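Heads up, the next two complexes both have subunit A, just with different partners, subunit B and then subunit C.
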Partner chain A sequence: MLKILVVCGNGLGSSFLMEMNIKKVLKEIGAEVEVDHSDLTSAKGYHADIIVGTKDITSQLSGYAKELVELNNILDLEDMREKVVKALEKFENQ
Partner chain B sequence: MNILQFLMSEVLSQPAVLIGLFALIGLLAQKKSAADVVSGSLKATIGFLILGAGAGTLVGALNHFSVIFTEAFNITGVIPNNEAVVSIAQEVLGTETAMIMVFGMLVNILLARFTKFKYIFLTGHHTLFMAAMLSAILVGAGFKGVTLITIGSVILGFVMVLFPAMAQPYMKAITGSDDVALGHFGTTGYVAAALVGKVVGNKEHSTEHMKFPKGLMFLRDTTIATGLTMLVLFLVSVLFAGPTFVESQVSGGQNFIMFAIMQSLVFSGGVYIVLAGVRMIISEIVPAFKGIADKIVPNAKPALDCPVVFPFAPVAVLVGFISSFVAGIVGMFVLSFVGATVIIPGVIPHFFTGAAAGVFGNSTGGRRGAVMGAFANGLIISFLPVLLLPVLGALGYANTTFGDSDFGIIGIIIGNIAKLFL
Partner chain C sequence: MLLNEMLSKNHIQVNVEAKDWEKAIDLGGEILLKEKLIELSYIEAVKKTKREIGPYIVIAPGIALSHARPENGVNKTSMSLIQLKNPVKFGHEENDPVKLIFTLATTDNKSHLESLRQLMGVMTESSDMDILFTTKDVDKIVEVINKHS
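Then we have the complex of A and B:
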């Protein structure tokens, strides 16, 4: 199963919230994907397929996942849905 | 009869089991699959045990630091670190904390349902920290049993809507909508920053027109930031205390520089363990809380962790952190000058609350607002912990304390009121 990891500085608040929102989107589009959240340090050893985070976070994680999803604003659900769906499509085509 | 006694004294008095049971109820209420229910309840329980394991690691390093710092500068220094103080609280007040946390969440839902404060406080780790502080203060003041849990939960539920309500007018200005609230117990500092910003600055001159180096972003990584700060603090302290003292009294013969390096990294590792535990607990508790709240509170506003405002003014985030940290250093010198307990500025509280204060200050007073507002926040979190220490009861002697401003405000108020009942 594909693994999405949502990352923020502390791995407690923001990433957890984004994880709940992403799970909602995945349920709506019927995708079976594992989603988890963590802090920056743990993210590097997680081997996720897709890493989601704000720009200041993802800029430090290039190379640690096949696909990076960069969010401008963690509250912008439309933006998140669009970018996550786009990232998932790349894996479908493989 | 023996079964009841066994339940009371062996099962429900185990905070880890208690949290597991709460998670179990929450997961069942959400009608999760059997696999999710089993793994979720176990994870919450294990998370609580991990939290306790981190405590041992942290406290050892912290105690060494305290001895060396006192010898080096002849003053008592305290490092505010929420994870450290809460992990210590778990060992002595675990059951009380767990009960106050869960019932406090229920009070939050009731207040959101029946008053105009429609806030659901979703920053689970801060709920846990506040529950730990309230149980320490109330137990210190002599409360126990049902009275303790009732008073603690009512206060907790109340502050879970009060602080988001205080921040909301500014949140509207920052996010441009009324859908999201701020749920973070550093709100006193943010509101102060916004008020200072209004007085000293002009919101048209926003920080976001400035150019600023992005190099400090690696401090978003808590483990690294904690390790580096502790390294600097430890090294300075052992240099002033001298190799003879460190090697004969504290390190058991280990070279003093190596001891400083290893202990600071051990501390950082301890924080990492505690955070891992907290993460496992709140991952199971918060969705249940949110699920229940969504069902019974129409038009609820989620109150979220402070980084939620960071993307709205990223430059203010860095300006705010630096300004708040400088204020922390100023505060440290002022405190040592007057001979009080010295609050050593920690990178974590100054990064997260200083950054958010910068964003709040910027929203009312632009550049100058961000700088001065965050500076005000930095002073607040340097001085409040000194006043908080005497009311923390057993936790007051722990060489560490709560970092964010609202813990100070609530702790001092409740602590002094509770003393009247002694």
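Then we have the complex of A and C:
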């Protein structure tokens, strides 16, 4: 199963809020994906397929996941759906 | 813990004056510091993370979730909210300027999660967010918080 890791600076606040919304989006689109959240440092050893975070976070994680999804507004579900779907499509034929 | 238990009426202030983001974080933190729910080191940690990692605590347009980690000096899981009179810039490309600062303090990885879920309920209800952004009456905000708790 694909693994999505949601990351914020300390893994307690915004990453949890993002995780909640991403699970909502994944349920809507019927995707079965494992989702977890962590802080920036632990994210580097996690080996996620997709890392989701705000820009200041993802910019420090390039190379640590096959796909990086960058969010600006964690309340914007539309934007989140679009970006997550796009990232998932890249794994479809694998 | 329910949202209105963490974010009680005496933890909410409106029309607060702050000249910059640092002052705004200080003022949000001081509400919890005064009741010894957090230590001064917690507020310093929030500012340090912002300087070192970036303005990721600005989670949506106009909204910051000011927080650090339990080991930075949290005595009790709690939350405060300040609504600024004049919004301040955090250096976030899309979400500046910030008018609402939620200061979140948690003693562990779990005790605040129910409250955060309820806070998400508030934040995704645009009519409730309008009240948080604009009202000059703390009781109106308390009503919104109670509704989602």
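Here, the second predicted complex is superposed on the first by the 94 of 94 C-alpha atoms of A that agree within 3 Å, B and C clash if a C-alpha of one lies under 4 Å from a C-alpha of the other, contacts with A are read in each partner's own complex, and residues count from 1 in each chain.
Operating definition for what follows: a contact is a pair of C-beta atoms (placed from the backbone, for glycine too) under 8 Å apart; a residue touches a chain by one contact, two chains touch by 3 or more.
Small disclaimer: the values here were computed from a predicted structure and weren't measured.
Contacts of A:Asn10 after superposition: both subunit B and subunit C are touched. Shared-chain residue A:Asn21: touches subunit C; no touch with subunit B.
Of the two partner chains, subunit B is the only one touched by A:Thr41; subunit C is not.
By the touch criterion defined above, A:Ile74 lies against subunit B and subunit C together after alignment on the C-alpha atoms of chain A. Contact with both subunit B and subunit C is seen for A:Asp56 once the two complexes are overlaid on the shared chain.
When the shared chain is aligned, no partner comes close enough to touch A:Ala31: not subunit B, not subunit C.
Taken together, the two complexes place residues 8-10, 12-14, 16-17, 20, 39-40, 54, 56-57, 60, 72-75 of subunit A in contact with subunit B and also with subunit C. Across the interface of their complex, subunit A is touched by residues 122-125, 175, 179-180, 214, 217-218, 220-224, 272, 275-276, 278-279, 282-283, 286-287, 290, 302, 304-308, 310-312, 314, 352 of subunit B. Residues 8-10, 12-14, 16-17, 20-21, 39-40, 53-57, 60, 72-77 of subunit A touch subunit C in their complex. Within the complex formed with subunit B, the residues of subunit A that make contact are 8-14, 16-17, 20, 37-42, 54, 56-57, 59-60, 71-75.
On the side of subunit C, the complex with subunit A involves touching residues 49, 53-57, 59-61, 63, 65, 67-70, 93-95, 104, 106, 109, 112-113, 116-117, 119-120, 123-124.
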